[in-house]
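If you scroll down you'll find the structure; I have some questions about it.
Labels A, B, C and D are assigned to the chains in the order they are written; within every chain, residues are numbered from 1.
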Amino acid sequence: MIRKYLREISVGVAYLVLLGLLAFKSPSFFQADNIRQLLVEIVPALVAAVGMTLVIITRQIDISIGSVFSLCAYIAALMAHQGVPVPLAFGTAIGCGALMGALNGLLIATLALPSIVVTLATMVIWQQALAWWKQGAPVASLPAGFHWFGLNQMAGQWIEAIIALLIFLAFATAMRYLAAGRAIYATGSDYEAARLAGIRPKLVTFNVFVLMGILTAAASILNAVIMEKVYPTSGDKLELRVIAAVVVGGVAISGGRGRLIGVLIGVALLGTIGRALIFLHARSEWGATIQGTIILLAVSSDALDRSRR
Amino acid sequence: KKEQAATVSSPVGKQVVIGMVPKSKGDEYFIACRKGADEAAEQLGVKLIWDGPTEPEAARQNEVVDDWITRGVDVIAVSVENKAGISTVLRKAREKGIKVITWDADSESDARDYFINQATPEGIGQSLMDNAAGVMQNKGEFALIMASRTAGNMIAWSAAVKARLTEKYPDIKLVAEEACEDRPILAFNQASAIIKANPNVKLIMTICAPGMPPTAEAVKQSGRTDVKVIGLGTPKANATYVHEGVTQAVILWNSVDLGYLTVHAAKALAEGRLKVGETSIDAGRLGKIEIKGDNVLLGSPFRFDKTNIDQFNF
Amino acid sequence: MTQNALNSVTMAGGRSGLMMRLLPMSQQLVVVVLLAIEIIIFSIVGRNFLTVENAFEVIRQNVEIGLLALALTPVIVAGGIDLSVGSLIALCAVVLGMSWQDWGLPLGVAVGVALLIGTAAGLLNGLLITRLGIAPLIVTLGSMSLFKGLAEGLMSGRAPFTHFSTWFNELGNRYLFGFLPEQVLIFVVAAIAFGLLLHRTTIGRTLVAIGFSFDGARYAGVPVCRRLLLVYCLSGLVAGLAAVIYVARVGEANAGAGRGYELYAITAVVLGGTSIFGGRGTVAGTLLALFAIGILRNGLRLADQPAELAGVLVGTLLIVAIIGNKLINQLTDLSAGRTLSIRRERGNPT
Amino acid sequence: MSNLLKLSDVTKSFAGVRALRGVCFGLSGGEVHALIGENGAGKSTLIRVVTGAHLADSGTLQIAGQTIIRNSPVISRSLGVAVIYQQPALFGDLTVAENIAIALEPRTAWRAIRWNKRRAMARELLARVGSDISPDAEVRQLSMPQQQLVEIAKALGADARIFIMDEPTASLSDREVEHLFGVIKSLRQRDAGIVYISHRLEEIERIADRVTVLRDGTRVATHPMSEINRAEMIRLMVGRESSAIFPKTQVKPGAAVLELQNVCCNSTGVHGIDLSVRAGEIVGLAGLVGAGRTELARVLFGLTPADTGRIKIQGRTVQIRSPRQAIDLGIACLPEDRRKHGVILEMPVAQNITLSSLPRVSMRGWLSFRRERLIAHALVDRLGVKTASLSSATGTLSGGNQQKVALARWLAIEPKLVILDEPTQGVDVGAKSEIHRLMGELAQRGIAILMISSELPEILGMCDRIAVMHGGTITSVLDREKATQEKILDLALGLSGRKEAVPA
């Protein structure tokens, strides 16, 4: 039992240690509004990480999410800016996310091309296309309904947290208790066996990438409403942060294994460090070093476990 | 053969070709510079090529310049990201008979003909720190958010700020120093954390054009009216926050004019009208601009605040 | 029995034998075509594109990334990947600067130190991957952030190291006989070395075996761990070398050096037909792809096109290449089903 | 008797290969219809056409009286077809319970999973095949035979009327085989039909009612079991009179090549091993599944090095920490799982053969492709490997031929001791007798051979001495003369043997 959840436990402990350190060194970290800020900071990564978890469990990977993220948020903002009703703008953004995911899915599932190469390509394409299109100009003067969904700040922050939590719970349960979720595990564990068992692995893979696109778009919106402007670089390096969080959370890059609960902890841990360092008045230039160390330690932990059995 | 190539690409015939390199495309500040440059190019009928790194990385600028040397342009005008780095290739350009101008940030002086000088790192550092001190009444804590820890000019600027701090303001304390990697969302998160983590911080100084509005946004959302923001940025992007009183001052020169002037100087240089010893240059709508040695002076950094910020639309 | 086996070998040898040799090259063929198209287009629309100077300029500008791509080829052929090389360039550059300016070592020695650090970093990756059996993608994802962090930490807001001795800067900027950039020599040597290593030595052969099937290689008595350590150390060492050349060319060392290079390099390797699953791959392909990308960037600039367009086109190039390769494969004898069910037996793609 | 299955002139070819040519096949309720043929004859392909894993190019397929237009795994299952594939089609990362459940539960995606129900079902089915594998075990941690059992359980669970078993006993030892036969009998009583594929003809003789023989994708004959004997079957399969199986050649054993004294390896549970193998001697390792035979082989080959005890090679005490060392000591090991460990499927035949003897095809690390081709060619001839060319991917060969390539690799190192783990598993009679002939030949050249096999006749036929393993240790060693099926089984089951067990 403990062995089964070893990764979740060890990462969870690491997180508790960090929080303990904060409680001890700078209790002000735990003020309600700081926690809300923290949540808002983590939420987009979490939603994207849910998608990435599915993708990695299917034994694929998607490094184009950063670009998709930027593009979707930007499109939503542009439309809203042009006076399109905000919900419609958000809807369209999600649609675009789905489309871009579908493109990846099409190339990967039906043509059986390696996902890492395909998404590497689409990543560059979307990113550069956006830069070319708007030369990096942010979208300002957005309608009232955009910022915090037109709510006041605190409500907006809570809504963000709740939406993310709901998405997380929905997927967490589906992955365990819904046949569709198990089909994803099966496909990632053994493609051919899945085919013989009557699971349609191509379809599963395709759908997973579409979901990835949708979740990325959703994440980008959750991120866009935080500020009064939307920048075309909002998704830079997102893929690395998310993949790191997912593997720290114990999802096997070899597919077929991993649980969303671990991912939640992973996202929380990596997402908190930056803010924590500021509260600990640490020399922030060592932030990346700490991140890297944590990732390596976390993944080492279950390597040790493997060698034990 | 080269002539043919030239005529192919430009039916006008012998048209002056100016290559202009920003530090980083997609940075609001440089977008503003480009506005002015295009305007001037329009007026003067020169061919302006505008290209540069999409992310601040030293070698990229060198590559752009290298290729333009191959392509053969008349003038190369660079906003220098890495002084030592770019100088080697600028010298090469001059050997090849290409006129070289630096703007916005200077290279080593022997590597270029003229520097369109709107401000030196020292100048910027000073006016930033002085303005900050003014807002803080010369005492209290403040925090610094810079664009990146690796870009040469950033390092120079933050160094200048600190130098000024130690030299003139003993009662002011720098309590936090972050780098936002030119990413607005990071600036936002860092600012909001800084405010929470340092209850009696009085001011945040953001030396990063894309980072400044988010900083103000964070301060505003924190509801701490006693915390103020100043920094390097473009007026339009910060106007709202300035009016709301969050942002006290935006330090900058008129970057549209900077681009505009650069192109004028470049054309003059290319046509030999800008010879050593000139004391002034006629720069279209800017009128006569003073020249000291090999520095074309746009004038010292400019302070945008409530009173004047709305007069600028860039 | 023995008799007809003899016949079948001698008889049927030709065709399928040729196919077997050509099959892994199919993507290289696609890239060659693309390259040709590029050259034709740019020699029309680009100024001074088709000149010796420009040719060498292209190579010169891509030496650092090229070195990384060379070192990554055996890594990926052996079924691994190394995302940390970009950050490693930064770390080595910083160490180079420090050991020279702060610790006052002679520049030559400082270079040595940088290379040493690079190798050590590669060793770290290798050990984590072989001894703890963690997926390379993950290990190097972590060390990528680790090395970058160390570089930034060491610099911690100080000015970049500059004003290296002239002999050193010339290493990155002088032209032998007026047209041949010095670092290109280094690159050519490296390219040949890696080519031989991968295709002409027993080590290369074992790398291919490991890439196709880690277990299979182990059961065949291949010293898998030692081999993997070797390739990761090599990629570290080469990253160090790239850092040195980078500093020499750009004339300054700081923590921003080489950011994002790993992606350029990996793009070149996979565009060159090296299978991301390991096993298949050639140094020649990597070189071809490297030029395809380099020429694209250079040519577009000479045609006054913006850098972003180059980015978009590189991405498109990559997709076109792998699709083209796929189609060729499907026309050849190895049917999709076949390759798939054989892949089944092997480890994971990433 | 109802007619469950009817194929008429089914044709199937894979790019290049004509796997099936106008094959007709029928199955009726309450019968066991055996399907035999050499490797690559088309047996697996035929059944994959029935299950919808492959689509036939032409011909008609009737399942349970219905004519199927476009078959698929789902359709065939809905019509009551249950299958055990040759390569277990299991999900290594999922639990046994889930593997079984996925095969049995409906296909709908929006369906809630009830885990307890799954476990219960799995436990019940595993019990029926006489296995106590935990439903919560991850399949990838199971041994090959255990996985076979899961496959069988999976098939039984489906309330099917047509059961297709492709070499189900390939990796099973007699006890499980007996159990399986029991199950098959009961199925037959329930008027279900069974298609049974195996290379072990004695099995066929025991349980089959009808036999269909395939050769090169064509059906050469279908006979009631009563009207056909083993020799006839072999003749039909091979298309010629085949040499007697198990051609034991008497060799005068020389000095001991391998000596083991109280060898233990805790991580694998192998302990207290005492054994010696002399030059020119063939020693068999018998035992039930999980007795630790393969584990012992792995210890000797340095894959899981021994913790304690003494290993002597030709009298010299040695440490074997890695396969590399083992090879340098002249030890060769033909692993159990051919496709994963035996050969590298994507690599050309020649490169596979020389992979373990690279020093011989290189000078100071530089490969000599000429020498490689020479050595490879020589071995391909000697073993009679059927391959298009030395540079065709090994994966394109039939399993039997893949096995020969794997063997060739080890002959290339000119070993002193050869460990063979299930060398003829899933290999057809033709290839099998060749492998046996080869073993004899090696023995004559004074090479010591340690053979693991779950097929008692093979053990009894080939070996000079037989060591029986039980629970991770050798319970006793029998001489060729003394050994009988019954005796070995008793020892293997741990019923007797304790007394004569060599003190550990």
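Criterion: contacts are C-beta pairs under 8 Å (C-beta built on N, C-alpha and C of every residue); 3 or more make two chains touch, one makes a residue touch a chain.
Only a predicted model underlies this, so the values are computations on that prediction, with no experimental measurement involved.
For the pairs B-C and A-C, the larger set of C-beta contacts lies at A-C.
In this assembly, the chain whose C-alpha centre lies farthest from chain D is B. Distance between chain B and chain D, defined via averaged C-alpha coordinates, is recorded as 73 Å. Separation between the centroids of chain B and chain C, computed from CA atoms only, is 36 Å. Computed from the mean C-alpha positions, the centre of chain A lies at a distance of 29 Å from the centre of chain C. If you average the Cα atoms of chain A and of chain D, the two centres end up 45 Å apart. Among the residues of chain B, those in touch with two or more other chains are 25, 54, 149, 177. Contacts with at least two other chains are made by residues 152, 155-157, 306, 308, 311 of chain C.
Contact with two or more other chains is made by residues 128, 131, 190, 192, 252, 255, 285 of chain A. A complete list of chain pairs in contact reads A-B, A-C, A-D, B-C, C-D. Across the interface of their complex, chain D is touched by residues 176-180, 182-183, 185-186, 188-190, 192-199, 252, 255-257 of chain A. Chain contact summary for the complex, chain B toward chain A: residues 25-28, 31, 34, 54, 149, 175-179, 181-185, 188-190, 192-194, 196-197, 199, 210, 213-214, 217, 221-222, 237, 240. On chain D, the positions that touch chain C within their shared complex are 14-16, 303, 322-324, 326-327, 333, 335, 339-348, 351, 355-356, 358-359, 362, 365-367, 377, 380-382, 384-393, 395-396, 409, 434. Residue ranges on chain C touching chain D, taken from their complex, read 1-2, 4-6, 8-9, 12-14, 16-17, 20-21, 200-206, 208-209, 212-213, 215-223, 279-280, 333-335, 337-338, 342, 345-346.
On chain B, the positions that touch chain C within their shared complex are 2, 5-6, 9, 25, 49-59, 62-64, 66-68, 70-72, 82-85, 87-89, 92, 148-152, 155-156, 158-159, 177.
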